[in-house]
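Following are the structures in question.
Next come two complexes, and both contain chain A; in the first it sits with chain B, in the second with chain C.
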Partner chain A sequence: MKKLTLAAVVIAGLLLALTTLDFPRWGDPQTPASMHVSARFIEKSLEEMATPNIVTAVLGDYRAFDTMLETIVVFTAGLACFFILRTRMTREDLEPAAPENDPLDLAGEDLVIKTVARTFIPLIQLFGLYVLAHGHYSPGGGFQGGVIFAAAYILLAVSHDMKTALRHMSERASHLLSAAGVLLFAGIGVICMTNGVNFLDYGGLAGILGMSLATGHSFAILLIESGVALTVTAALIMIFKLLSSHGTVQEGF
Partner chain B sequence: MIWEIKLAVLLVILVCAVAAITVRDLLGAGILFGAYSFMMCLQWLAMGAVDVAFTEAAIGAGISTAFFLAAVFRTTRRTKD
Partner chain C sequence: MQLPVLTILFPLFGAFVAVAVAWSSMGRSRQSVMPIAVSALGLSAVCAAVLFVQVLSTGPQTYLLGGWAPPWGISLSVDPLSALMLVVVSAGALLNLFAFSFTPSKWPLGKTPAFLGLYLLATAGHLGIVATGDVFNLFVFIEVAALSSYALLSMGGPRATFASLNYLLVGSVGASLYLLGVGYLYITSGSLNMLDIADILTTIPLSTTTLTGFVVLMLGLWVKMAVFPFHAWLPAAYSSASPAVSGLLAPMTTKVMAYVIVRMLTTVFPPDLLAAISGFSSMAVWLACVAIIAGALMALAQQDLRRMLCFILVAEVGYMLGGAFMGNATAMTGTILHILADAAMTLTLFLAVGSIVVRTGGSRIDDMDGMFTTMPVTMLAFTAGALSMIGVPPFCGFFSKWYLLSGALEAGHWVFAGSLILSSLVNVFLFFRVFERAFFRKPATASAPDSNDWYQLAPMCLIALLLPVIGLATGGIIQQIIQPALKGVM
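== the complex of A and B ==
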């Protein structure tokens, strides 16, 4: 049976590798992908959406609906992990005779690890904010910034313990924040609608706030990226808390 | 990027992928998967997709490795098969 599986995998892999020969050449301008919609994005995105970074213009403006629903997917994933993993039991119920020398608990005692983590966490958070704020101009954006922010929190939880981490963001707070991010994103879309334009057409926001179109777009993209970052940060933190504490979100690590 | 480096990175990707599914220790598998993600990130970078590379580095090599490690520490390091 194992040999049969191996043969099937090898044949499928070879077929996939063979298919790549039919692909268009690297950077070929005559392919359908680079003939129709890409040319429009490259030529018009700056004047239509006033966003210097084309990737952000596509993700945040042309396909803002898509990005909003992706944010909802992340929110739903966090919620699903909560429903599957969360238990009402405490850790004592799960492991009645917890061994005294649990190697993981030593992590909370090490002064060097704690000090290094405390030094680096603000820097990581600052970098996360930088990535979030510069999504308009350079690679980055809400998703990456939010993940870096969540990584800083996970470093805190790993280097100290879950109690310290929960003091900085309780379970309730992470749930509320993950919902607030989606609400912020959709709310920007609705606010744009009140000015008589389409859902998530950021020109409307510029009209309401009385700023130029470029400023309005940049402001709206910062706001929706903040919404994405809130949801991603909170959902990832929630999943980590559930995974690392047997679903009790009390101790662990 | 120099094509020799790209080829070397591609070979490391293949080795990591095969090793991650054959290794018996789940902790090792998680770490190998992180290495695989990081090498994928280098490949995205070589193809000029900086945004994708950034996301791969943050999600694949960063957070998902942390999730794997958390799950391994709370369950078991041994695989059954």
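== the complex of A and C ==
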């Protein structure tokens, strides 16, 4: 059976490779993929949304609905991990853990690691914010910035312990933040609708705020990217906490 | 005006708000989440219904998201067929939630909001798949729908987690194949909008890339739809999940995927494409024959009512696939009718079996003794669903099978016609085996008849009463909804 499967995979792969011979030439400006839609993005995006990075313009504005749904996918993933993995849920768990200082708590006691982590965490967080905010000009944006921000938190949990990490962000906070992120993104869309235009048409927001159209688009992209970053950060932290503590979100390792 | 997007947005917002409310009120008002979910689905169903009426009276609507015209932006395009599917999906999800909403849940404290959030997200995902007019956007909606379904299905009996993991692996392969097909389409056409792709594909000569894209995309949808050799995930996942979840997903997922296949065949790909690879469509029809017979035979072997229904579902998927690839308008009409009919009758049957599971804790056929005395209303609804599944007029199953059968005869495909009749006969045997036990034998344990509450029985009775109504409305459905969708294509 295994050999049969392997043979099927190899044959299917070869067939797919064979079809690539029929592809248009790579980088050819006359191919349909580079003529039809992308040409307009390249020519118009800067004047329409004051955003030099065309990828951000496409993801955050022309195809913002896809990006919203991808954010919802991340939100769903966090929710799904909670639904499947979370164990031993008691009423006390739902209350925020009171900060406690146990002098005998020696978990993760390593001066060098802790000091290095403590030095680097703020810098990593700063870099995360930079990647988020600089998405208009260079590769970056909400997804990437959010991942970097979550990495800083995970470094804190790894270098110290789960208790310290939970003191900085409780389970409740991560759930609320992940919901807040998608609400911010979709809420912007709804705010646009209140001005009489379609969902996610940032022209509506520009009208409400009294900005010029392109600036409004640019500002709205920043807002929705912040929403994406919130959800990505919170959902990743949620998944990390659930996985590393066997679903208890307590002591962990 | 804003209705197409509102239909999808209500369940989405319901999901976020449910999670936010549950965690901000810290367990004190957990009961407040259920009204949020019910009202979100209710509003969505109302929007879908109004949209359906509008589309019927004033013609198809296109909604430009972000105000960008296609092909630059994403559009939702709702014609009579997709509007009707929106009504089916949102109303089905609402009825199912209502039926199981007040049953005590087995989940640990605090998981109900997450469950409801995922339930709403799954519904929103399927609504989006139906409404969207963009092939990549459709993939993103598949992701939302699938991810929440995996999580929902993993809760249930002891085997549910494993079955759900299996479904996750198979489903991811299906979604990836679909995405690969979209990639091929983008290479040939440079566009992602369905109507735009259709325009471009008619102007350029058929290339290997287009054909490969078509084949890969269809294979992906077949996996997602549980066509025969790729069906193994379906019975495992749906029969071990909690009744509220299988009642949501069993009527919805395969039907929505069948709808996507119909949409691709009628809207996106040019008619001469299927003629160019006639081998592929005849393979699809043969596969459908195998699926119908295999589904019927495997259903015969089951001892559990829910597993039996799941294998009947595998056979039903064969009906829809065969009709879609038969190549004539009659069979395609049968497929579309069957998508609607199957959604309604599967919902009826799963609601009935679900309430049996909730009441007795299991659904073994041997335990069905005397069910007509202990749960008369449930069994009446079950009977209506079963008669429709068998294809007894005037229930809706009869008319869709009639069209499928005439389509098969029109195309001269005797084997498909034969398997259709064979599987209907097997269905007769399967369901009368249950009826015989439930009607003539004495119940094992004496208990008060049907202590089920009205909120559990009302949705079931409503949908059971709708089965003959849908059947009798077949003429109108064909004239108003199916003929416009097939016009100019077949």
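Here are some notes:
Just so it is clear, the second predicted complex is superposed on the first by the 232 of 253 C-alpha atoms of A that agree within 3 Å, B and C clash if a C-alpha of one lies under 4 Å from a C-alpha of the other, contacts with A are read in each partner's own complex, and residues count from 1 in each chain.
Just so we're on the same page, contacts are C-beta pairs under 8 Å (C-beta built on N, C-alpha and C of every residue); 3 or more make two chains touch, one makes a residue touch a chain.
Quick caveat: nothing in here was measured; it's all calculated off a predicted structure.
When the two complexes are superposed, the chain touching more residues of chain A, out of chain B and chain C, is C. In the superposition on chain A, A:Ala7 makes contact with neither chain B nor chain C. In the superposition on chain A, A:Ile154 contacts chain B only, with no contact to chain C. Contact with neither chain B nor chain C is seen for A:Leu209 once the two complexes are overlaid on the shared chain.
In the superposed pair of complexes, A:Thr76 makes contact with chain C only, with no contact to chain B.
Once the two complexes are overlaid on the shared chain, A:Pro32 sits against chain C while remaining clear of chain B. When the two complexes are overlaid on their common chain A, residue A:Leu243 makes contact with chain B while staying clear of chain C.
Of the two partner chains placed around the shared chain by superposition, chain C is the only one that A:Ala64 touches, whereas chain B remains out of contact.
After overlaying the two complexes on the shared chain, residue contacts for A:Ile42 are found with neither chain B nor chain C. The contact surfaces that chain B and chain C form on chain A in the two complexes do not overlap at any residue. Interface of chain B with chain A (complex): residues 50-51, 53-55, 58-59, 62-63, 66-67, 70-71, 73-74. Across the complex, chain C meets chain A through its residues 2, 5, 9, 12-13, 16-17, 19-20, 22-24, 26-27, 63-68, 71-74, 108-111, 114-115, 117-118, 121, 128, 136-137, 140-141, 143-144, 147-148, 150-152, 154-155, 161, 184, 186-192, 200, 204, 207-209, 212, 216.
The residues of chain A lying in touch with chain C in their complex are 16, 19, 21-24, 31-38, 40-41, 61-66, 69-70, 72-73, 75-77, 79-80, 82-84, 86-91, 93-95, 172, 175-176, 178-180, 182-183, 186, 189-190, 193, 197-203. Against chain B, in their complex, chain A makes its touches with residues 55, 104, 131, 139-141, 143-144, 147-148, 150-151, 154, 158, 236, 239-240, 243-246, 252-253.
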